[in-house]
Structure formats: structure tokens, C-alpha cells
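Okay, so chain A shows up in both of these, paired with chain B first and chain C after.
Then we have the complex of A and B:
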């Protein structure tokens, strides 16, 4: 009787065992937001402890699961105040980037140093900021562990093709996903030479009215240079109906 | 009638001054800087080693919004020591305008910069507003001249139509003794331009038509002495584009213009083609290089001196290092078939946010008949300390 019960539990557990892809799908869907607005505080800390702060207002809207638009208006430091940036993600081809230059009062379509390019001189890349792109990776569940008092899934992500590896600069990402909230708790990034060079850590999350969650304070550390970057959302408002017209080149031209 | 028209136009452009106090919230920003510029070669008006500028500047930018109306101003307050044998206070409100946003149209009225073109250095199609070539340096407000204007942007889906009109207020500036001066006191008529812009996937195109005046002028002699008449009308057609693919971009511009026959020498209607192609490469998020090829040629000019075609190559580099603490910018503009050179390297050091130290040089050289050769006595070296707020 006992062995039959154990067998049933094992069979049931195996049947409900999430795959790596399903776990990451839950991560993508954990924050069921359509649009966000608020301010971003970006803190850059050098290896010698020097601190630089960047502040910006932002609006973003999801048009598909992993396609969004985002506009950022820099507020600090004062030498870059007024500069604004529009990112339009495209399913096919390159994302579009536009920059408003306050000195010249013009909007320019700009080049991009790839999705792996640094976001505002931080340790985050534009790709990191955009969140997990399911179609770009193959995921494999490597185990379930306890890390820093949290039960986590350990998921390994490998680039789906060479283009993803080249664009992102990552040959592998190891995710630790918190079981209770399906947010990335830690992540370790490997460069194209296979060296672990960046570490992500979640500091704080908010639970939304509908029960979903969103990361609001997180940081990335470059393990090679010891440079750190922290992003904190301030005054975050979710699903307020950010109008499409705010996320256009015209809105940039109005800066 | 012209005087009335000009008065009305000026009144409309000064409207921002009257409207701006109505805005409750005002955001202020700007910078204060101390700078020293030295002439590095002797000229008719100065000796090498003399200060071309030594003083302080406070720039204040204001920005206020109320619903769909926005007001902006920017003013430079310069205090130069010992210029013209005495201290000089100079206040230059180089921008003051009001924006009105509606569903289809955005309107900008007031003194404003007008920038056209896509290339990063001396865009061929950027001929609406005058340039101050002798003021080339790190601050754009020193070498671009703002104009009182009315600008309308119509948004029709992905297509944008920009219309702009303003009075011809000044010619291009080439420094003391060379700046175009108006022979007749009144500007002749409105200048205007219309541009249509449309994107196709990752390419932005535009095409425009301009009815403006010759900003380089013709040398003329009058009872008051020699001056430059820049009242000749110019009709111009422009097209430009930007194509971006990953780290690369290709920008191009074409200007084709025909000038009115001049009344002084009875010259024919000269016409001109001016084109540029620029490739830019973003090495990293903090460094970018570009190379531009530019060609122009004039036809039907009475004097062979104005006919020569010119081929130029322009290199620009912008590199930021050590978490933006150090920035190196360089522009080299060189004639290929006729010696003409502009070089401007600038080194900027930002030890902390909001403070910067800069040093650089501005070098003009070349044949006297070229733009940079004509102002080759205005080479300078400079240092600046700048604080932003």
C-alpha cells in the first residue's frame, strides 16, 4: 500500500514537473503588465567605489509578449537633462532607436551597438532591459535548490542560434527562478569565450493588484571589472493606459 | 506694406514673451562656464597670443508646459574681460518660443534654431538659418544662428510635413571684416521652406523645397563703403535620407539650387549642386566614427572663381572612456582637390557629474577662395571649466 502511494506521488510529480521552457514562460508572464510608467534611478558604482546616478522618466508598453516600445527622458545628471530616447522593438530586423538631442532640438535615428550594447553606460545591456525573449533561447531545467533561503529552479539558457549569441554576447545564462513568484532571483551570464562575467540579483519586487509581480529593484555586477549597476523603479504605475502617441517619434520631436 | 508685415511677424514671434509668465511650473537648467580662447595666428584684427575671448557665461534654459502648450527659452549671459579694450556684457536670448500641440499639427512660434539635413557636419541642405563659421567651437549656439520663425509640423500617419517661414535676418558670418553685412536696412521678404518626411522600414527619407536668400552675399560697393548684398533669391530643392542597420548608418543629402540674377553685375542665374554621403560606425555604445564625402559645383557663374567644384572628406570621431569620465571628439574637414582644412579636436574630462573641463583647438586653413581659407586668421586654442545645473 505504502509503495503504491509513493509510486503514485512519483508519477504525479513527474507529470507536473515543469520544463525549463515552461518555467521561463511563467517568468515572462509573471508580471502581467501592459504598460508601465514612472521613474528609473540608475546607480553606477565603479570598482573604486565612485558613484554616479542617472535619473529618467520612462513609459513603456507591451504590444506582444516580448515586443514593446519604451521612451525615456533623462532628468539627471544635469548635463544630459532633456535628452530623450525611443526604442521600438521589431519582430523582424533591427530594433529602431531614436535620440532627441536637446542642444540641436532634433530627433535622429541612431545606430545601435547591437542588443548587447550597454544601457546608459551601465552593466545592463539593452537586451537585459528588454527581459527574457523565449524564442531566442533553449531552456533546460538543471535542478531545484535552495539559495539564500529561497527555493529556486535552476534553468540553463543556451542561445537558439549563433545570431542570438553574437547579438547578445552571451553563450550561456544560468537563471535561478524563485518558485513562489516566478521572478529571476539570480542570473549568471557567460560571455562568448565561456567565462562567467556578469551576475544579476533581484533586490525587491512589487505585487500588483491582480496578484502578478514585477521586479522594481535589481542590480548587475560585472565580475571582471567589479563595476556594479543598480536599477530602481520609483513611483511605478502599472496598466494606466499609456497612450500609443507617447511612444512615437512625434512625441520625441515635442521634447 | 512690408514694414507692416514685418511688424506683425515680429509681434507673433514675441508672443512667447507675453505668454510665458502664465505658466505656473517652470523648469530651469543650464550651465555656467569660464573660458579662455587664444588666437594662435596673427590676423588683421589681432596678434597671435591675444585672447579672442576671456570671460564667463551663464546659460539659462527654461521650460514650462500647460496642457498642450509649451514655452521654452534659452539665454546666454556673457561677460568678457577686456574685449574691445573694455569689459563687455552681452545678453543673447537665442531661443524663446511657444509650442502648440494639436491632433494633426504641432506649431512652434518664436526665435528658434532651424536644423535641416541628416549628416553630422555642415549638412549641405542646412541652408535655411545662417552659420557663424568664425564661432566654430564646442557650443552649438556659438556657430548656429537662431531665427524668429513660425514652424508647422503636420502629421499624416507616418508622413510628416514640415513648413517653416521667417524673415531673412542675417547672412553667414565669417568673423570681423568678413561677415556679410546688409547693404539695405530692410530684409526683403519672407523665406520659407516645406519638407516631406517619410520612413520606409529602417530608412527615413525626406524631400524639400526652399525659397530663401543667398546667405553668402555678393560683394558690392555703396556710398557707405563695401558690403555684401545677400538679398538674391534662391530656389532650392533638397532630398536626404538615413539608413540604419545595426552598428552602421548611411546618411545622404542633395541640394540643387538656382539663384536670382544679381542686379549689381547682371550675372546670369547661377545654379549649384551640393551633395554629401556619410557612413557612420558605432564601435561601442560609447564610441562612434564617421566618414563623409562631399561634393559641390556651381554653374553659370560670371566669375571663374565661383565655379570651381570641390570635393571634401570629413572625418568625425567621438569616443568616451572610463565610464564617460573622458571624452575625445575630433572633426577633420579637408578639401581633396583644393587645399582647405578645418580641424577641431576637443578633450573633455568629467571627474564627477555636472562638472567638466575641456581643452581644444579650432584650426582653419587653406586657399583664400575657400570657406576655411578665408577665415584662417581665426585659429584658436581654448580651455573651459563648466558646471551644469
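Then we have the complex of A and C:
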């Protein structure tokens, strides 16, 4: 009880002194994991209520706080079963994207412009999927508030340079960070015309054995089209030692 | 007759209550007007022509269904002229910036221009899906290469660069749920802001037409009403030359318009392209009863009656004809409900309501105000004012010059009969705009040197996943080729093009994969057989993963059960569109077995409106004549008078359609309204004439004397009324829209012809035979 009280005091004291950047740094490090594996359910819901589901296995490994590799293997719908997608994030230059087409038995690198393109036709962009990139933004703490029963930090992120704005398509992001777990609770995305057009919402998080946390169910809603996309992790396993060789182009080709 | 007199007396007693309590009556009317005026703030406009269609029309169903299934429904093309040609570095750079700004608008689903059009290529294991400006950066030395790559790699280029390479097109697809005119406004404002008059620009497509219709409607409402007021002022002055003779009719029509628009606002009903003309209609129609009532009032005063007595006398004399002419006008309008065109139905209902309001206000406020104002200080001389000697001239025409008059009529009718054979139906939204307007000029440019401004969407539907079957994709691909082979169809595209392009990237062949394909496994080097359906699904998945999922989504739904093919045509001519439609349907019926299909797009709306107009014109014409005949049968309780009352109308309709044929004016939505207005309003003259004639005959006057005396009493008010109403309608010739201008001309003409029918044809007939 005493230790819990001391921890709370420490967290409280530390928290009151945090800057916007420090808060987001904590967000990036909220889940102390090196690798993850499991399944992903990606559900797309159109404004008229039509639903499209994709199921895939995934493996990801973190090499630096905000630099990782990820492979996804589609399981459903049946026509695309076996398609595999590899994303290699690069500190400098464009991220690398590779795709394995089981029908053609070939791997191709996909070169597409920017990071703001839609991830598998969802409301998440490839950039969103990669998580917060601290070097790309300047963060400013705008206040501390209570939102939907949770105490949050309100942090405003502005692009560090024009390239980031151009590539992501975001002129501003407003984050609401839960004070208790340092996960993004809500986020609002503004396009380059300054219009708020997307809203992120955390539905569920998972607490790892070491007490750190990871978002496992979250969704993005396009405020203009009312289209929604939800990502849900199923059967998540943490730090199982996903081998590096699984996250290579060669591994993709050998599938 | 007994019951008629009783009801007449009862009605008279009821109306005299208002005259007996003039202050209270005026206060109540003013109070109600204030309430309706307060509601006017809620009034809004709905210029979308597709809203004119009833929900059961296939084009409307398809329009609504496509809006549900696909993320984008409406398309517009922004056209920008480059002084140095499209393929100049600075221009492409400007175009790139502008396209990005347009893409960022919340109303826009996607925007494609020569700058950001995607180039799909493959080399050494890399598939590249990048915009033109990234594949060939727009710097002066690169522009030859830019042009080569664009012409070689970009599909749909016919709508991106004009055939003379002087204009660039930005194809803008609006998000579903966005009102077309609001989307167009946002896009046009952005273009205006970004290119700052550096380049000439214009836009085409249904959203743009709606936007300009909305703007024109607002302008028309302001300007035309003002002109109508000025004209009415002049006519009322020339007729009565007293302040009350001018301002009281004005108050009646102003209050009528406020009440009617206030009612629409209260029930959140928008003003459409049809109801837009309603204030002008009510203005002209609303004046009629006031003119009759005031004419009788002033003549009663001149006979020495005291003010209150003159008011009561006028009411007693005219309450029945005024009520009946209002009901016949309402009947004429309500017959438009049979046309099946929603917006015309709305015009019918609200104008009828307005006529009813005008009747209430005329019979309550006008007599009350006359009582409150007291006897005018001076009275206009009976011989002063316009048309005092008209009845003498008419009498000569129907008596001494009878044979010549009849001969003239016969000749005129023969000429019109020839014109009648040349009548045709055509709804052309392009020709609805004046030649000098930017929207018309742009659409003419687009139709001349781009793929075209008129879209035709074809939705092909099957079971879940069926649109991925190679056989189906191939049929759609072939169908697109067929579409392009039809004259006036200059471009067509769908997801099948993306499949063919992706196949080229992987196999070098721009074609649709077969049912079973053989490929070499990169890992083992062995040849393996694969399902074409899987290959197509994976091509599309790959394309979506490249980050341009919206291009697939715009043409293929989630369930892969519905596909949309969009074609562009360079004309709105109904005859051409129906020819194209016939060919398309024949092809689909012959080649799309096992699948269903629906047609949508601007061309379908045009055809559906034409179809409804042709059918609706006949039905509403017969319905309005029947309604009028029945109402007059009830009023006069005489078959002969009932039939006589529609004679001037048939004459007016003959003149109307005959002249339309002679002047090559096509029958369309607006001209269709003309006939009903002509019938509804024009019958008033016949009623006033016949009512008076019947009264005089009841006094046992012989035919000749009865006709002569009738003409003496009614010729002036009827002709003044026709002049006021006709001139009121004629202000529509100043409309932004050609069809409204033509409508104004035709209604004004109909007022003259129905008036002529009542004052010339009826006396000619009445003189010959007895009752």
C-alpha cells in the first residue's frame, strides 16, 4: 500500500513536469516489447453499413523505439489467402514495402509515393500503422483534461518539416493521451487544408507481464465519409523471439 | 338553382362578416403574414434535376443505389487553359498544386489531373504506382518525355488533356452524401483562389449544372420579381390611377407569396428548379382577382353608391366568379400531379395553395381595406384609362366583320396545324444556359475537345465475388471497348482496366487473365496452374495496397458483387442519347447473361425527364381540361356553358403548340408547365365572360344584346387582366435560363390567346345560336 502510494506520488510529480515531447516519448515506449505475433482482424465498415473483413497473421519486431519490421499474411477472404506483405521501416529514405502474390508465385517491391496512402483500403494510412515517429513532429502539451471518464494529456503535433506534411497528408494531429497508461486514447487528424477529417479511438489495451501496455483494439473513423476501420489483435504473443530471417524478402519469397 | 342561391347567400353573408369587422380582419391577415414571414429564414433551394424524378423511375433508382454502393456518385470536370499548352513545366507544376488542394477538400473523393494521374510500371522486381510528376518531374527539359509517358501510360487521358493539348482537365469525383452543387461550389472556389485569373478555367458535369442552376434560381427570384413588380405597377397605374388601385393588389400578391413560401419553409420544403418560378406565377395570378374586384368597386362608386355599399356590391357580384376562377386555376395546376414528375407536382401543390391563399386574402383583406380607407377623394373618369373602347372594336369584329374574322382564324389555324406536326421533346440542360454563360461555353469546349461532359454509368451486378470471375471481367472489358466504338461515346473505364494494367505489369500482356493461367514459380522455377479469379483478386488487392484503394472502390463494391462502368458522351441531345441507350441495352442483353444491369448518369436523367415530359404532357393536358370542364359544369350547371368555357383554352393550346413547332421550341419540363398555366389562368376570362352573359340572358336579353352588353362590361377588365398577367409572366424572358425565358414568352402568349378566345371566339359562337 505504501509503495503504491509512493509510486503514485512519483508518477504524479513526474507527470506534471512532462513536456509534449516527453509524453509522446512515453507513448512510443508504453509497450516494452521487442517482438509480437498473432492474428489481425481488419474490419472496414462503409457509411451505408457494408462490412468487409480481412484476417491475417502477423509478425513484427522492433529494432529501435519507432523503427520496426512487420510481415502480414492474409488468411481471408479466400481469393487473397496466402498474400503476404512485408513492411521495412527506414530511418532515412522511403520505407520498403514488398508483396508476395501466391497466384503469381512472385514477390514484388511496391514503390508508391508518400506514406499517407491508405493501408489495405482502410482509414489507417501506412504511416498510422507504423506508430508515432518522434522525429517527424514537434509536440506541444495543450492541457490536461478529462475525456470520457479518463484523465488525459492533450498534445498537439505539428509536422517538423514540409516533407512530413506532404508525405503524411497531415497538417496537425491532436492526441489525447491517457495519463494512467500512456496510450493514445483519442486522436484527431487534420488534412493539409486544415480540416479535421479522421478520428482515432482506442477500444481495448492489453497489459503485458512487465506491466507495460499495448493497444489491441482500436479504430479510425473518417469524419467526412463516415467510413470506419477497426483493427483487432487476436491471440497476441509478446517477446517470443520472432527471428530476423522471418522478416526478410527472402522469407517472403519462400512462403 | 335554389340550393345554388342559398349557398351563394350563405357565402355572401360569411364574406360580409369580414367587411363588417375590417380592423380585426386586417389585423388577423397582417398577423398571419408576420408569422409566415418569420418562417422564411428556413427556406432553402434544391437545384438537383434528378430530384425531379419520382423514386420509381429506373434512372432515379439507379442513382440512389449507386450512391449507396459506391463511395462516389457525382462527377465534374474542371477545365483549365494553358497559354503555352498543357505540357509546359510551369503549368504542370501549378496543376499539381491545384489538384492537391482539390483532393484535400472534404467534399472530394478523388481528383485526377495530368499531374497526379498514376503511372503503373514494373522493372526488376519493383512495381511502381506513382503520379506523373514523380515519374517525370516537370522541369523544362523533361516535358517531351512527360508528354510521351502521359500519352503512352495514362488511361482516361481523353478527359485529362484536350485533343489540341491547350486545355488540361481535372476529373473530380465528389464523395457520396455531398450535395452536388455544394461540392461544385467548393471545387470552383478553390480553383478560383488558386489560379488567380492566371488561366482561363471552367467546369462541366451535373454538379456544376446544379450549382449554376442554384445561382441562376436565386438571381431569377430577385431580378424577375423586381421587374414583375415594376410592370404590374405601371399596369395598375394605367388601369386605376389611384393609390389604392395600385397598392392594394400589391399587398394581396405580396402577402400571398409570403404565405406560400412561408408554408414551404415551415415544412422544410426546398425551392426546386420548378417552384423557383412560383413567386412570378403567384404575382401574376394573384393580381387578377384584385383587378376584377377593384374594377367593379370603382364602377359601383361611379354609379353613386356609398363606399361600404360599393364594397358589398362588388363582393356580391363577384364572389362566385372569383372563387370559381381560383378553383379552376388550382385545378389546372393540380393536373400537373398526373405528370409523375416530382418537382412539377410540388409546383402544382404549392402554386394551388398560393392561389387559395390569394383567394382568401382577396376576399378578406381587400374589402376590409377598402372599407377602412373610405371613399376615395376623387374618382377616375369612366372614359379614362386603358382599353375603354376595346369592347366597341371587339363588337365590330364579331358582328360587322364576322366573316373576315372567321376567315382570319381559319387561315391562322391552318398555319398552326403545320407547326403542330413539327413538335418534338427535348430536355437539354446545356441549352438551358445562355450562349454567353461560362458553364455553356465550358461544356461546349469539353464536348468538342475532351471526352465529354455527359456521364453514363452502367452498374453490372451478380453474386458475391462474381465480379472477380475472369469471364465477367473480360465481358466488362469488352463492353468498355464496345462503348468506345459508339459515336459520341469517347471514353469508358472501370476496374477491368486496372486488372488489364496490372496483368501487363506482371505478364507484359494488357489483357484480362484467363480462367486458368500458367505461371512460373519464382522460388522453384517450375510452371504451375493458377485460378484466374485469384489472380484478379490479388491484382486488385495489390493495387489497393499501393495506397490508391479509392480507384478500385469507385468501381467495385466490397462484396465484389457490383461493378460500375463510367462512360463519357459529348452531347445531351435526347435523340442521340436514346440511340446510345438502345445500343448499350442491346449489347448488355446479348452479352451479360447471368448478370443484371442498371443505367445511371446524366444521360439517363436527361432521357428519363424527356420520357416523363412526353408522357406527362399528354396526361396532364387531358387531366387539366377535364378538371376545368367538370368545375365549370358545376358552376354553370349547363353542359353547353361547360363546353364553351374550354373553347378558348383549346384555341390557346393550339396556338401554343403550333408556334412551338414553327419556332422549333422543344417540349420540355418548363414548356410543359406552360400549358397547365395557360389552362388554369386562361379559363378565368371565359368564366368571367360566360358568367356575365348568363346573367344577362337570365334577364331575357336576346343573344345579340346579351353579347354586346357582356362585352361592354367585361372586355376591359378581362383584357386589362390578361395584359397585367401576360406582362407579369413575360418578365421571365429575362431569366438566366433559356427554358424559363421561353416559358415566359409562351405563357404571356397564352394569356393573349385565351383572352382572344374569350372575347372573340365565344362571342362569335354565342351570336350564332341561342342557349
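Here are a few things to note about the model shown:
Note that in this section the second predicted complex is superposed on the first by the 238 of 255 C-alpha atoms of A that agree within 3 Å, B and C clash if a C-alpha of one lies under 4 Å from a C-alpha of the other, contacts with A are read in each partner's own complex, and residues count from 1 in each chain.
Throughout what follows, a contact is a pair of C-beta atoms (placed from the backbone, for glycine too) under 8 Å apart; a residue touches a chain by one contact, two chains touch by 3 or more.
No experiment lies behind these values; they were computed from the predicted model shown.
Bringing the complexes onto one copy of chain A puts chain B in a clash with chain C. In the superposition on chain A, A:93 makes contact with chain B only, not with chain C.
With both structures placed on the common chain, the touch criterion links A:106 to chain B and to chain C. When both complexes are overlaid on chain A, the residue A:83 reaches chain C alone and has no touch with chain B. Of the two partner chains placed around the shared chain by superposition, chain C is the only one that A:192 touches, whereas chain B remains out of contact. When the shared chain is aligned, chain C comes close enough to touch A:224, but chain B does not. After superposition on the shared chain, chain A has more residues touched by C, the comparison being chain B against chain C. By the document's definition of touching, of the two partners only chain C reaches A:47; chain B does not. Of 422-430, 440-448, 458-466 or 566-574, the segment of chain C whose C-alpha atoms clash with chain B in the superposed model is 458-466. Overlap of the chain B and chain C interfaces on chain A: residues 44, 46, 52, 77, 79, 97, 103-106, 108-114, 117-118, 121, 227, 253-254.
The residues of chain A lying in touch with chain C in their complex are 44, 46-48, 50-52, 74, 77, 79-80, 83, 85, 97, 99, 101-114, 116-121, 125-126, 169, 191-193, 195, 197, 224-227, 253-254. Within the complex, the chain C residues that touch chain A are 68-69, 71, 100-101, 104-106, 109, 122, 125-131, 134, 175-177, 465, 468, 506, 517, 519-524, 528, 530-531, 533-538, 541-542, 544-550, 552-553, 557-559. Residues 44, 46, 52-53, 76-79, 81-82, 93-94, 96-97, 103-106, 108-114, 117-118, 121, 227, 250, 253-254 of chain A are the ones touching chain B in the complex. Within the complex formed with chain A, the chain B residues making contact are 29, 31, 61, 63, 70, 99, 101, 106, 112-113, 115, 118, 140-141, 153, 155, 160, 201-202, 204, 242, 244-249, 280-286, 288, 320, 323-324, 350, 352-354, 356, 388-389.
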